[in-house]
Amino acid sequence: MRRLPFVVIAFALVAFALSPVFGQSLTAAQQANLKASLAVDTSVLKSADGQQLLAPSKDNRKVPARPADPNKLAETDPLHWYDMEWAGWNVTPTNTPKSPGDGAIGKKVIMIVHGDHPWTTACILGAKKVADMYKWNFKALSPNWDKVVQDQLIDQAINEKPDMILLIPLDAKAAVQQARKINAAGVPLHMFNTLPEAAALNYSLGWTGPDDFGQFRLLARAWSDELVKRNPGAGTIGVAYVQHAPGGSPYFARSFGPISELATYNPKIKTLVMASPTPATFDANTTMQLVSDWLTKYGKDLKGICASDDSAQSLGIFQALEKAGRTDVVVVAAGNSKQGMDLVKDGKLFAITYQTAEGDGALAAQTAADWFNGKGYPIRKNLAQHIITKADVEKFYPPQW
Amino acid sequence: MRSRGSLLSLGDRYRIYVLFVAVFAFMSLLSPKFFTVYNFTTILNAITMNATVAIGFTVVMICGQLDLSIGTVITFAGVLTMGLQPYLGFAGSIAVAVLGGAIVGLVNGLLVTKTRINSFIVTLGTMTILQGSIYQFSGGNSISVTTDQVFAISDFLGKNLLPLITPRVLITIILVVAVEFILRRTRAGRDFYIVGGNRSTAWLAGINTDRTITAAFVLSGVTAAIGGVVSVLVSTAATLKLGENSLMYVISATIIGGTAMSGGKGGVLRSVAAIMTLEMLYTGIILFGLGNEVKIFFAGLILAYVVLYEAYAVYRHEKTLGQRPWLMKELAARQAAGAGKKR
Amino acid sequence: MSDTSSRPALEMKHVSKRFPGTVAVDDVSYEVMAGEVHALVGENGAGKSTLMKILAGSFDDYTGEIAIGGRTALLHSPTLAKRHGVGMIYQELSLARPISITENLLAGRLPRRGLFLDKARARAQAGELLSSVGLDLDPNLPIEDISQHEAQLVEIAKVLGNNPSILVMDEPTSALSREEVERLFAIIGDLKSRGIAIVYISHHLPEIFRIADRVTVMRDGKKIATRLIGEVTREEIVQMMVGRSVKEFYQRRERSVGDVRLSVRKLSRFGFFHDVSFDAKRGEILGICGLSGAGRTELARVLTGLDRADEGTIELDGARVQGSTMADFLNQGISYLTEDRKVEGLAVRLAVDDNVMSAVIDRLSSGGVFSKARGRPAVERLITELSIYPPDPSRTVGNLSGGNQQKVLLAKWLANEPRVLILDEPTRGVDIGAKMIIHSSIEKLAATGCTVLLISSDLPELVGLSDRVMIMRKGHFIREMPYHECSEESLLLAATGEGGAT
Amino acid sequence: MSNTMPGRADAPAAVAGTSTPAGIDTRALRTRSFSSIVNTAGVYAIAVLFLALGALLQATGAISGFLSAQNMLNIVDAVALVGIAAVGMAFVTYSGNFADMSIPTTMGFTGYICIELLRYNFWLAIAGAIGVGLLIGLLNGFVVGKFKANPIIWTLAVNYVTMGVIRLVWVNKQIYPDLVGSPPSAVALFDAIYRLRFFNLIGLPLVIMVVLVVVGQFVLTRTSFGVKLKITGSSPRAAKASGIAVERVVMLSFVLVAFTATIGGLAITSLSRVGAWYNGAGYDFKAVTAVVIGGMTLAGGRGTILGVLGGSLIIGILNNIMTLLGIGTFSQDMVRGAIFIAVVGINALSLRRLGRDDA
């Protein structure tokens, strides 16, 4: 029995020598960190509008199979927009970095947004709330809507060797190469808010953000129901779309989303016209001019308007409607700015989508944290879809930005 | 023999380079992350587009003209490159894109020289037309090509041949050096200055002023196009706002570089030095963790300072223009005497 | 007549040039010998300048034949003209200010080695040219860094650089000081001896008698006559130019000089002129004589508030002039006719009446509201008084002839009903007809008791008009001369500092 | 080349008072008044041309409702904001200083100021905003007027700086009139700046524009300032040597543009119910376009405010027709640009034919 200690020591030595062979093993410190990290409860966080900050989508729609060539299909066919709407659900990540699984606390995370805007300020704030819970070394960079600068910021971020880059790609297609670059540099990447091309998600851990198409399909249904209610027995119901600035997925999601939805949901609704106000897309005066001209052209046939922005655009729309003395037109828009919610409250805007800016940033940060904590990684997670109407608009005050 | 050459006037003539060194030194001292090969590779890569665009734009300004269409030409060329690639292959689509830039320049040049409408107005018009064409052509969505070939090209353009030098940087350097050389060392090059300095002098000297100005606009179109082409090849996608910020940026840089809007003065190298200076400043600001508002603010201040400085120099010059040296001596003597008389 | 071979270097046969509604040059034929200085005279609008522009290749649609060195030449572009050895020195400077002297001198023909410029050679060539006109400047200086007189000489050097066989000079002395004129004449003499044919356009008859061999007179686009200079008098030339005889040019009026109106004491603008003191009386025409650079114009600019004085006082009718801006001086009745008509004198893109009223806008306004009607009578009166042609107040000044532009400029200052009128080169580059009118109206004005300060480098003009002449040299007042002592010679001596007190 | 034709026609008449000599430069026969009439009338001729086009299209059934009173009202309503900014811009162009590129941030900045001050008192807020706007104008006017700095570049720089200031001061936030603790009455008034409509028909911005145009036209043509501005614009040095305080005149023109920009800024801020730094973006070029189409030449000293109004109307009518035709927004840009160049070209040519080549 005197040999026993030696045997024990020998076993211990062997075990220690072999330990690397069995999976990853964490130092005590890392263990502790992981424990502490898992203990962090971010569900208590609220955004400025009093909503639960972290509100991932509950919806579990089945992801349809990708048609051979979506572009061959008609624009009114939902599947025509497959690569924009369902991007990322069925990609096979390549060369994905493995999660350290040593806990999210104290990580270094760099967030690169698309540009300066009050929305962005709020979005960064949301991410910051989560980052602070995990005591991250966190900083946000903004290229001020300039793609060339965004590339430069990405280079600089890579150079700082962070544990994760959170990126809002300025452009869905340019995102592919940006993702490749970050991935090649071996830096974990998570993209959010703007849905990139499917290919980009090959090089990203995943994507979180608003389900623009989904939201507008919901909005479309609510809108359609209201239109039918207000125009009983009408043969066709003419509607118009004020589009987003060209060159981004919202430009399509917020017009063709509803169009392709209504094509099946309520074929009676007929698209009269769609246009993006030029030269200034989000100038109320320009929008007013556009809509005034539409009212001249289509008169009473124009029953509904769907706007891609619930502030300047919507205000312009209602200015035009008031001048024409039209109160029968059902207007819906993408939200949720203060002006938009005010319009809903005044019973002018019928409905807007709930687009939490803080939640957007926060969900991205939280997803990253989960990955640090070694949890499984969802390729894609949407923000909760919700349509705000007069019924519940009060709940969303004060606005986030 | 009377000649210029006081240290001060020299410092004034090469102001931009002085500024360049100053900013460089300042940033290097204050931010450790700044003075690194990696950081400068990043900066160089970042400025290639605007630097390339600035080449032609500067020549136009040397001719005393203005080209507001460059921003849209960048995007236009980019969209053509990616949009036509499936049909023409890159060789073809790039050729078309650059040619497109040249044609826009040609149209600008002809309108300016033949109808004698101020170039500010002409190019404002072509700018609007191009903006529409871009959206029309692209259907409102950015265009990308996602073949392995394009990724290969992109990676190559971004790969370091030497420290600091990537192919895309090299392209810009070659263009800058070539044009700067033409401007300084060839008759055609000097003609731009003479035309910009005084159109009728040039005309009387038998220089074809209209052709010279048109050539400048064509060059501007071409370099803007090249800038756009390279940029989209690097990012493998042609975005519709690519050139949006370039116009004001390049104008400011060119002025800060010391190219006079009145024409006859300046150089490509100066403009690029100015871009480099601004970019170093911007990077520094970001490294300090400050936002774009600070960038914009300082860009404005520098521009304002330069414009005011130039204007004030002329103002002073005119005030003392034609003073008689002997009288100034006499005055000094008298005042000395006056001082002596004081009791 | 020069002694070099007398083969014609230039022959013009039945040359005509028409503008819409105009025959500017009407069937003109004449020839210029090699080594000859051939003067071309005629009033503004007589067609001289057009004729010369044809020679310089400014038009591709003239009719008739031009032979150079015996061979017919088509001069349809400046390049062609230059290739045929025609050199043109323009009245207005044609230099590019921001670029270097070298490049101005060698514009369009900068020396090359292979494809590229040969800077060393360019610099050397430029240096030679500069010294050929007696300038000692760094050829790399930009034009904007040298004086206007230097620029004028650079202009000449530039043309000589093309070593022309025919040299055209259009009022080359108008912007030159006397010493520079002398230098120019020396150069001309040298060119003669090198067998270059020189066409010399000038209103300044004395110059012509000094250097020309022959003179051709033009009127209304037609050639009147060509004479040997030895066989013609000033009066004859003037007669041919205006188409009728002129008698004694300046006849002495009887003067009624009142008491002091303008009194200047120890006036200085540092670096421009120092310690200037003088009195000018009502109804007096006080001539101010000096070489260019003597500070005459600078003095005038201070006397009218355009520039500030550093020291000294200006009194008008015994009271200090109130205020410091030119507007203040204007309102107290001080008018200043600037020497530079096109740049500082008139807004050439505007109409006659706009220009005439431009100095009295405030007076024609009440409560900030401007009334054109109130100014119109004065404008029409002045148009008739100065017989401005065409007598149309709404005519764009830029489309008037030089003579009439100058009259409009005078009208502008008369409109101010000045107590003191300061004239700076009132008849520079103006034809004799206009000159006479301007002179007579100056005298009329003086007769009404207005004080006139007359700055002029046209000595006969000074001698002819002034009651007294103040002589300035190097920024100081040297002395004054009563008119009976004044002669072109005496003034010149005093001004150049030979003879006379200091 | 500046090929000045030989003035023909003076000496003989001058000397002997004889009859008209051989030939006269025909260009000189056209009188100024005629030209400026052609110039301004030309603008309206084009405007009428477009109206006729619209009418024609309606007749052929290609578009409907073009000639309705409502539609005409829509057109003028739509150009009201640009028109307001353009009136001020016109003075700068007229003064020979091309354009004021600091209009956008002037509009944005004054919007912020107004909202910030709203909590004290509506009228104070308006006054404050205008005050700040005028300060920007004074700065621009001083630098450009006294030191003759290149106006485009200088105002561009000021535009940057102001943008920086706005975003630094309000830390990249936009502010809402009713969230700065201002009394509802003030908010209501502020809301009404753009929305107030007389007889429920004519909007306040439209009224403001018309007033500004009328006053502007009067100032430009009938006041001593206007006349001085004209001379300054066509020849600054001659103006100076005529005792005109050029610096002050130029400065005033920049103050005027700042003033109208402020008015425009308040209107647009009221319309979009938010103080944001991007309010007013693009109004620099919009205004220039209106001014230039309105027949003002960048050479200065030529054109009228009425012309500028015409320019704004042309733009409005054009947009209206294109939308009624259902032309896509993308093609609209192309047409707009082409028409712009064409109109300016025609204007330039007509001026040239009248012997007023300012090229």
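Details
The letters A, B, C and D name the chains in turn, as written, and every chain counts its residues from 1.
In this text, a contact is a pair of C-beta atoms (placed from the backbone, for glycine too) under 8 Å apart; a residue touches a chain by one contact, two chains touch by 3 or more.
Model, not experiment: these values are computed from the prediction.
Any chain bridging subunit A and subunit D, meaning touching each of them, is among B; the list is complete. Ranking every chain by how far its Cα centroid lies from the centroid of subunit B, the top place goes to C.
Two chains share more touching C-beta pairs than any other pair, namely C-D. One inter-chain figure worth recording: subunit B and subunit C are separated by 43 Å, centre to centre, where each centre is the mean of the chain's CA atoms.
The geometric centre of subunit C is 41 Å away from that of subunit D, both derived from CA atoms. Subunit A and subunit B have Cα centroids separated by 38 Å. Each chain gets one centre point, the mean of its Cα atoms, and the points for subunit A and subunit C are 76 Å apart. Residue positions of subunit D with contacts to 2 or more other chains are 1, 167, 172, 328-330, 332-333. Annotation for subunit B: residues 128, 131, 135, 140, 200, 203-204, 262, 291-293 touch two or more other chains. Of all residues in subunit C, none touches 2 or more other chains.
Applying the touch definition to all chain combinations yields A-B, A-D, B-C, B-D, C-D. Taken together, the subunit B residues at the contact with subunit D in this complex read 111, 115-118, 120-122, 124-133, 135-136, 140, 199-200, 203-204, 209, 248, 251-252, 255, 261-262, 291-294, 296-301, 303-304, 307-308, 310-312, 314-315. Put simply, subunit D touches subunit B in their complex at residues 1-2, 98, 143, 146-150, 152-154, 156-165, 167-168, 172, 285, 288-289, 292, 297-298, 328-338, 340-341, 344-345, 348-349, 352, 357, 359.
For subunit A in complex with subunit B, the touching residues are 116, 139, 141-142, 144-149, 151-153, 155-156, 159, 170-174, 176-178, 180-181, 197, 199, 246-247, 251-252, 276, 279. Contact residues of subunit C toward subunit B in the complex are 56, 77-79, 82, 88, 90, 94-99, 103-104, 107-110, 112, 115-117, 136-138, 140-141, 145, 147, 270-274, 293, 295, 298, 474-475. Subunit D makes touch with subunit C in their complex at residues 1, 3-17, 20-28, 31-33, 222-228, 230-231, 234-235, 237-245, 299, 301-302, 355-356, 358.
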